[in-house]
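Paired with chain B in one complex and with chain C in the other, chain A is shared by the two complexes that follow.
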Partner chain A sequence: MITPLHSTLYFSLGPVPITQAILTTWAIMLLLVVTALLLRWQLRLRPAKPQAAIELIVDMLDTQIRETTGAEPAPYRSFIGSLFVFILTANWVSLLPGVEPPTAKLETDAALAAIVFVSVIWFGIRGAGVAGYLRSFAAPNIAMIPLNLLESVTRVFSMFVRLFGNVMSGVFVIGIVASLAGLLVPIPLMALDLLTGLVQAYIFAVLAMVFIAATVEDGQPKPAPPPQKKEN
Partner chain B sequence: MSIDIWGLGLQAVNVLILIWLLSRVFWRPVAAAIVARQQASTAMLDKAQAAQTAAEAEMSKAKAARDGIAAERLKALAAAQTEAAAATKAALSTAVTKAEAMQAAAAAEIAKDRADASKADAEQAAQLALQIAAKLLSRLNGPLVQSAFLDLLVQAIAKLPEAERAAIAATPEGLEIVVAAGVVADQKAIKAAVHKALAAKPALHFVTDPALLAGVELRSPHFALHNSWRADLALIEQAVHDAA
Partner chain C sequence: MDYLRLASIVCAAFAVAFGALGPALAEGRAVAAAMEAIARQPEAANTISRTLFVGLAMIETTAIYCLVIALLLLFANPLLA
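So, the complex of A and B:
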């Protein structure tokens, strides 16, 4: 029996094995880019219904970023939005027969977690400078540096494991039920998998945003405390 | 369970490329479209605000103009009323003056008519009186009256200047003795009296004229000596006419 943890190898480009997850990822990339191009070509000053819906989604994303970080959403919009759209699409391709979601594979989720890890460093340095970024590890005090260093790794690891576990388990359960009960029985589970995919994409994007915002915020120099009155 | 590092790296590159592509072809254009619409909306609102302000200014201007027109209308009405009152007063004054003039003219006309009527009545009365007198005098045509008129003729000839008497007497055609009708008996006496008064004996021709009523007149082509009731009545008529 082929387990869900198994990656189907199609061919290799030198030392790089091209698995089904990678091919699916490329297909998703192509789909998203083509869709984005089509939507871009239809952008007008007087919007049609699709453009209005897209702008509504972008506005909601901006509002979410603004409420989470307290900063302007423009620097984070592309990264957070693209992460959300890719993970959501990758989770939902499981609805296509014979297609496994790339996020059900360790390599994809680990790559996403690694990107979030690097992006936290990138946005932290860009927002607070190198000193500020390093200062963020000393929040709230110096004693927390080891724990913060450890947390910076473990939190992205937890994201990776959470996304992988949820998506992989859904695929696993649907595969088991389908092999045991027939074609139509897994449909409720597939519907549940849609919700799970949406929630996991949202959680992953929000957590990435929270980590970036916390790093930028902790890296900012703290204002001097107000002078206290001496008691006689 | 193991992780394929090459696969991990390739997926990371794939996701990074996707993020970059979507940033270029989706997120930025959509955000730019939103900003462009917001700017267009702001511009339209500003333009609408400016148009509203301009419209309000125009409305205020129109209201001021309307108020000005109303004030001007009231002023024009007042001026027209004043002018109409002045014109009415002038017309009334002119009409009063004309009426007074017409009244005066009518009064003068009435007075003139009255005077004319009075004169005509007087003349008519004089004519009537003369006619009555003529009728009465026509009955006084007896020998005695004829003799009295002859005496008066002789006296009148005697009062003429000598040269004129001589000129009358020297009239080659002779003189006419005009008497009233029916009085021819004393022709010899008349001739004699006339020849004596003229101190000459021109040819005398007797002519009968009933219009004399009574009397004896001496006439030549260039001279007439009236001496009759008719001449007296004519003198009276002329006097009455002159008196009227």
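So, the complex of A and C:
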């Protein structure tokens, strides 16, 4: 029985099983890297059409980062942008017949969330220093340390279950409808899936950015608190 | 009939049914509030609808969590292995 949690095994490289999701991921990575290299090769001061489109996307990304967190986008642009573009491509790859989006598999989403978990630590240490990063766990006050430790794991967990659930449920529903109703009926659902894929990619990238910015901000040394009035 | 199996199926159906209730009400309220805001301030429609979409996706996630639990119960139940 084919279940949504089952992965199709293609072949094994030694002890490593290579599934359909991994092959799709590799294809997407190759496509994105080659496109990026080709576009970089043609960079001009007076942009042609493809370069203008890419500049539009990068500009939008910068605006989003600045609006959601207030941080300068330069250090985060490449990471957040790659995350967004990869997840968007992975969600929309289901438009090709016979290809299942790799984000509909638990493993891909878990890997993406693990990258976000590590990047929060990396950007936190780079932006605020080791002491600052450790201080960020005691953010509002010292009693919050256990909760903050717990939260740093659970928020990443909820991120990957969110992405997995949304993409997988889209694929699942389309499969059921296609098996019940025939060829053209699932098309409106697929259009809805495109919207879901875009929104989920956006949410994943924005949440990663918010987590990183919150860690960096909490890690900054605090200015001396203003003297409080004592109530009698 | 194996009681564990029966209980898993019933619980999966309950999880989806009641897990859809809350998010449905919440999404209705969110859309109603956004409609009201757009009617009051049509020039802010872009910002409002962008925030609405993100909010709807967040609300919908709670229903999706229930769906994931139901699918785990049906297809990857550790008790039935």
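FYI, the second predicted complex is superposed on the first by the 223 of 232 C-alpha atoms of A that agree within 3 Å, B and C clash if a C-alpha of one lies under 4 Å from a C-alpha of the other, contacts with A are read in each partner's own complex, and residues count from 1 in each chain.
By definition in this document, a contact is a pair of C-beta atoms (placed from the backbone, for glycine too) under 8 Å apart; a residue touches a chain by one contact, two chains touch by 3 or more.
Note that the structure is a prediction, hence the values are computed from the model and not measured.
When chain A is checked against chain B and against chain C, the one touching more of its residues turns out to be B.
Of the two partner chains placed around the shared chain by superposition, chain C is the only one that A:Val199 touches, whereas chain B remains out of contact.
By the touch criterion defined above, A:Ala52 reaches neither chain B nor chain C.
Legend: residue contacts after superposition of the two complexes on their common chain; A:Val16 is shown touching chain B, with no touch to chain C. Contact with chain C, but none with chain B, is seen for A:Arg162 once the two complexes are overlaid on the shared chain. Residues common to the contacts of chain A with chain B and with chain C across the two structures: 5. Residue ranges of chain A in contact with chain C, taken from their complex: 3-6, 158, 161-162, 164-166, 168-169, 195-196, 199-200, 202-203, 206.
Residues 1, 3-4, 6-12, 14-19, 21-23, 25-31, 33-34, 36-37, 40 of chain B touch chain A in their complex.
Of all the residues in chain A, the ones that touch chain B in their complex are 5, 7, 15-17, 19, 21-22, 25-26, 28-29, 32-33, 36-37, 39-40, 43-45, 47, 51, 54-55, 58-59, 62, 74, 77-79, 81-83, 85-86, 102, 105-108, 110-112, 114-115. Against chain A, the residues of chain C that register as touching in their complex are 53-54, 57-58, 60-61, 64-65, 67-68, 71-72, 74-76.
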